[in-house]
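Structure in structure tokens, see below.
Labels A, B, C, D, E and F are assigned to the chains in the order they are written; within every chain, residues are numbered from 1.
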Amino acid sequence: MCLAVPAQITERSEYMATVTVSGVTRQVSLMLLPEAAVGDYVLIHAGFAIQAIDEAEARRTLELFKELEQYAVDS
Amino acid sequence: MRLTAEETARAAAFFTEGIARRVSRPVRLMEVCGTHTVAIFRSGIRQLLPASVELVSGPGCPVCVTPNEYLDTAIAYSRRPDTIITTFGDMLKVPGSESTLMAQKARGADIRIVYSPLESLPVARDNPGKMVIFLAVGFETTAPTAAATVLQAEQQGLDNFLVLSAHKLVPPALQAILAAPDGKVDGFLLPGHAAAISGLEPYRFVAETYQVPAVVTGFEALDILQAIYILIEQLAGGKAELANQYRRVVKPEGNPSARKILEQVYQPAAANWRGFGGIDGSGLALRPEYRHFDAQTRLPLDNVVTREPAGCRCGEVLRGLIVPDACPHFGRSCTPEQPVGACMVSVEGACAVWYKYGQGRWTYA
Amino acid sequence: MHKKQEQILLGHGSGGRLSHDLLKSIILPAFSNPALDELHDGARVLAGGASLAFATDSYVVKPRFFPGGDIGKLAVCGTVNDLAMCGAVPLYLSAGFILEEGLPAAELERIVASMRLAAREAGVQIVTGDTKVVEKGAVDGIYINTAGIGLLQPGADITAKRVKPGQAVIVSGYLGDHAIAVMSERHGLTLPAKIVSDCAPLNKLIQAMLTEVPAITMLRDPTRGGLATTLNEIAGDAGVGIILEESLLPVRPEVQAVCEILGFDPLYLANEGKVVVFVEKEYSDKVLTIMRQHPLAGEACIIGSVTEQPAGQVALKTTVGGLRLLDMLSGEQLPRIC
Amino acid sequence: MHKKQEQILLGHGSGGRLSHDLLKSIILPAFSNPALDELHDGARVLAGGASLAFATDSYVVKPRFFPGGDIGKLAVCGTVNDLAMCGAVPLYLSAGFILEEGLPAAELERIVASMRLAAREAGVQIVTGDTKVVEKGAVDGIYINTAGIGLLQPGADITAKRVKPGQAVIVSGYLGDHAIAVMSERHGLTLPAKIVSDCAPLNKLIQAMLTEVPAITMLRDPTRGGLATTLNEIAGDAGVGIILEESLLPVRPEVQAVCEILGFDPLYLANEGKVVVFVEKEYSDKVLTIMRQHPLAGEACIIGSVTEQPAGQVALKTTVGGLRLLDMLSGEQLPRIC
Amino acid sequence: MRLTAEETARAAAFFTEGIARRVSRPVRLMEVCGTHTVAIFRSGIRQLLPASVELVSGPGCPVCVTPNEYLDTAIAYSRRPDTIITTFGDMLKVPGSESTLMAQKARGADIRIVYSPLESLPVARDNPGKMVIFLAVGFETTAPTAAATVLQAEQQGLDNFLVLSAHKLVPPALQAILAAPDGKVDGFLLPGHAAAISGLEPYRFVAETYQVPAVVTGFEALDILQAIYILIEQLAGGKAELANQYRRVVKPEGNPSARKILEQVYQPAAANWRGFGGIDGSGLALRPEYRHFDAQTRLPLDNVVTREPAGCRCGEVLRGLIVPDACPHFGRSCTPEQPVGACMVSVEGACAVWYKYGQGRWTYA
Amino acid sequence: MCLAVPAQITERSEYMATVTVSGVTRQVSLMLLPEAAVGDYVLIHAGFAIQAIDEAEARRTLELFKELEQYAVDS
């Protein structure tokens, strides 16, 4: 119901930011996420950053997926 | 850090094996969100699940739940020579009662596809002699972007930018499904991006009031497999909790800044949903202070005559009561090129997704 | 809403199912003949004892100039490639220009210069042409049609009928670069400079391949409608299934990123310098070796194989181990938010 | 005001001197090769041992349907005729459609049906094609390109180089019917029903003529730019003079009337089913006899002869006995009041 | 009843032989009217005349005598987005100081070619948001058609139809030629269609005041040959009379109805002629009652900067002082495709006619 | 300076007339020649009938041209 893409902020000026996804850049509005800072990963949707991505959580999920096989062997 | 193809395959195998091992009775799980439906089909997850785990789609395709009345109104506006319509690409092919926006565009209506509602504002600025009407559809995720655009238009003093609003909220529709006597859903995959804005609170009633397990879910194949795994685990353990599989994006409090802007511009209102009819508090209307951005207030139309297509079972599909190939039209008199209902057109429409990715058309060996 | 299309829609030109429907419902019934009915990239015909390929395409790309090429380069490469896909060595092209009153003469010169370069690279001659000028507003700048004549390579027989289960499916490199480079200006997306159209003449590559491996059964350039549509056409014509491996599909991360932002699928994006090759598995290593030696196919790889089932259709094995149908493009891809 | 044209004007597509200038200043320098440089209606090329003609034209006529034909018939006849003018028997055509979003499908069907009929009449096959759809407003309804391949008739050698003083100049019938029929709707003029486009495939006529009289030196269909421009091209290429007799020029009174009203000259109006023939005077009776037996050339007549002077130019002997130059069309003809 | 080709040839031979026999000294005859110039060249009459009979063109090409200032103004109007220009095809290619209407059209200006000024009125009716400006050029023959169109517009209540007037009258220009010390004309072929409106009276001064023979002439080759014959006869007989060769069309009183309409809408005014400069009473201005149809009154323009092309000798050509190939540009730096002056562009321009029909380019054997 | 063509009036209604030239018809305005009647030959210019053509005079001119040769022989 809502396509959204993670992107990293590389520049910001007032309520606009430049974000990059795998080298592709785009201007997005920060009106909905005014606290976002350069370097942050954010979710973009319809030209707006709509939420920050928690990098620690993201890493945790990935690590979990990587290590699942251990559980699989156990069970 | 990314997973290799092999790591992905192994993690997937872990979840699918775990699901198969833990499921003890036939269960129906609903992916509420259309983006989940697409992800499930694109990654072939259905073929990985045991026969006893049935996935049904829910009302989470904004295009599908928008009734013909709205499209007919949009089409009526597009026909006026003094208007320019801006819209997400999603709306172009959706059938109204008699036509589509794409057909109007082919006949010369000025209809422009935008990726962001903000793209409407330069159009308005460059066409002072026209009214630019943005077709504001979408759920909690998208509605704040339309609200922010209204605020920008206000700030820029644009008085020829209007919105035709059909925004919808997810929880009231879930409530309607849970309260209905006819459908039985054993667990919910909840929309991660809607929850990224609204937070977890609005979804607690699913587990707490109705005792149905629910997981706020991300959009990667593994996110979805994990969420199904969590639901099956809860069901096996007799639990009914609201879990958050998508912690990297969904905070318990959601995005308060976005909600503030949404609430500044919009107020809850009754809304019509295809398949449900009117649901109190399930829509969003411009607040009186912003009513001058409302297309229907500023450019009242003569009565738009609307009818829903005969025989289309989109309503039941959207309420999770039937799967698309239970509809006699499916794949026969209803295909993406010659659709009967919106669910066969929208990229996230359950019928379109089933058709496109082969479910109900091809027996997977 | 259930009725025959009464007017031409953009989707009728997308190369997908609507294009197919238009072809089958209006064009083919009127013109039917054996050469046309093959529905190859070009026709294979006999003239004065010579076995020829004959192909045409019109070029309406917008913008006219894009990273990695322009409408002129495209117009030469596109038809050269269609001839090559028939198993022919392209010899001669025609060039038909439709110009809008007011087009800067300098733009035409630039376009013609890039046609000249592309023709030289391909080793073909532009031997006949036509120029029309229409009123301001009656065309969008410049459209070009090219038609081409090629000489079928002896020993080669490129036809979907020879595609059989067990054959390997090879693609010559990254998918979607052309479409993404061309649409890069839209919706404020900025691409890194290295993402340019793959537009290039493939005939010398193909000639080398067919000379060494005349056993190649089928060739096609996945242009409008992309790889998925091209493979569906072949599966349909050959009555076979094709199963691709998602993990083997070559897509640049930047192209993938644009697709995720705008909601596109790279398998449906147009390519203008890529070829899909079908060959018995025993020859696939040899074909890959030849291809990878050529600068236009350094990333050539196997992406799947021909199967009995799903007959007439294409399926994709996903990274999580699922299987799904890969349909023809329906309508055209539009940027979307859901 | 004295500078090179910086933008493309309508006149660049009129077939007259501006078209010529565009060709010579931009197109030819870029693509130059012996086949192209002949500047024939099509190219004469060798492929796999076969002697072929290869021609193309784009069709942008407006209105799309006109008395006596439509854009589809024109698209087939035009390229068939260009092949025939090379001395070839047309065999195969390509068809490239550019359609405007919103075009009624029924119009396309009607156009395609008339292409089918014209192709059947001409005995050619449409063997390959292409369809593009562009956004509403990016093209005016439908444009069609056709390219064609023909087999050069053995024994015939149609080239301006063989046009020599003393030869007769023959035209196959009334001048200007096509242009006048097409523009009839403009400026409120109403034509009698019998004035229809002459659009027709001339290949069977030409084949008969060349079979009987292979000595024919030159053929051309006086399309855009009309008879005067066509003859100027030939006089220029051959380095000879051509002198016409005003009293011999076949122009229908109705066509003459429209010309007088709008200030046009019938010698510059497009024809789509006429041919100009050059042949040594000794053969002219034989050629005329063959032509007049054919339904498309019943009014064939001699209109003048080839001379030494004015070298590279065309002159007209008037009814009052004067002589004047008959120049190429400059720009395009516009309705005028003075 | 028409003449056969043979009868035509015989009649022509009669006149040319008669002319050759009667002419005793070199004479310069001026065809005042551009349509005569074209007819003379198209029928090859110059080659039929003895060397002692020289034909020179006069100021009777309305496009040629219209100075750059007018074209620059028309071009300035065409550039405005709120205008549509309607014009006879004749004006399209004529160079102003920097551009042509055709080039503006190529750049997107809305410029429509009409065959009748009346065709402007439906354009105005269908485009209420635009000002439709008709480029009103032409002599006595054409001016009444513009006047009648203004009356029609008035009657239809069209307030977005305007004219940019540069109409001119023939007799004042003839007067200027006759009064000038530098040119010597031995006889005039007078414009048959202008006289069809004005009648013979305005031309009597040529013979009566200046003692120069003059013939009002039709437009067929034989009409012109006969008129030349008449002039040569008069010159041989020492006479100077106003003859009417074109009696089938030109009545002594002209067309009083047309003149009435002309005078109702227009009044005589000074006008600038290329090559002559200002000539009193040689132009037509809208009367005050119709001034609201005047483009320059209704849509005043900022100063239009104008310059005539350097080295162009159109002025001398138009006054009959030189023939086109006396201009060093002719056929070299000035051709119809790359014209320097208006006389090389207009279909009736002497330079264009010379060039097109080969005079000065080709030595007729 | 003014192209004009002879045409015959075949119909008239108020100030408009249908005229024909060699079978080609056109609507012209009679505002400048209100007295013209069906059957008349008129000169048309820029969409208007601008003058009537005197048929007797026209015939006289043609006859003169035809008979000139006699004079030529005489002279």
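Rule of thumb we're sticking to: a contact is a pair of C-beta atoms (placed from the backbone, for glycine too) under 8 Å apart; a residue touches a chain by one contact, two chains touch by 3 or more.
Predicted model only: the values in this text are computed from it and were never measured.
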Chain hops separating chain E from chain B, counting only touching neighbours: 2
Contact-graph separation of chain A and chain E, given in steps at minimum: 2
Dominant interface by contact count, named by its two chains: C-D
Longest centre-to-centre distance from chain C, chain (CA-based): F
From chain B, the most remote chain by mean C-alpha position: F
Inter-chain centre distance, chain D versus chain E - centres from mean C-alpha coordinates, in Å: 34
Length of the line joining the C-alpha centres of chain A and chain F, rounded to whole Å: 84
Intercentroid distance (Cα basis), chain F paired with chain B, Å: 75
Per-residue overlap in chain A, given as positions that touch at least 2 other chains: 1-3, 45-46
Residues of chain E whose C-beta touches two or more other chains: 8, 13, 34-35, 61-62, 88, 106-107, 115-116, 119, 138, 142, 222, 348
Contacts with 2+ other chains: residues of chain D: 7-10, 101-102, 137, 187-188, 261, 263, 336-338
Interchain pairs in contact, sorted by label: A-B, A-C, B-C, B-D, C-D, C-E, D-E, D-F, E-F
Touch list for chain E against partner chain D, complex: 5, 8-9, 12-13, 16, 34-35, 41-48, 61-63, 88-90, 92-93, 95, 98, 102-103, 106-107, 113-116, 119, 138, 142, 221-222, 225, 309, 333-334, 336-340, 346-348, 355-358, 361-362, 364-365
Touch list for chain D against partner chain B, complex: 101-102, 136-137
Parts of chain A lying in touch with chain B, wherever the complex brings them together: 1-4, 29, 31-35, 43, 45-48, 50-51, 53-55, 57-62, 65-66, 68-69, 71-72, 75
For the chain F and chain D complex, residues of the former touching the latter: 1-3, 5, 21-27, 44-46
List of chain B residues in touch with chain A within their complex: 1-3, 7-8, 10-11, 13-15, 17-18, 21, 32-35, 60-62, 88, 115-119, 138-139, 141-142, 144-145, 148, 151-152, 170, 191, 193-194, 196-197, 218, 222-223, 226, 247-251, 254-255, 257-258, 261, 348
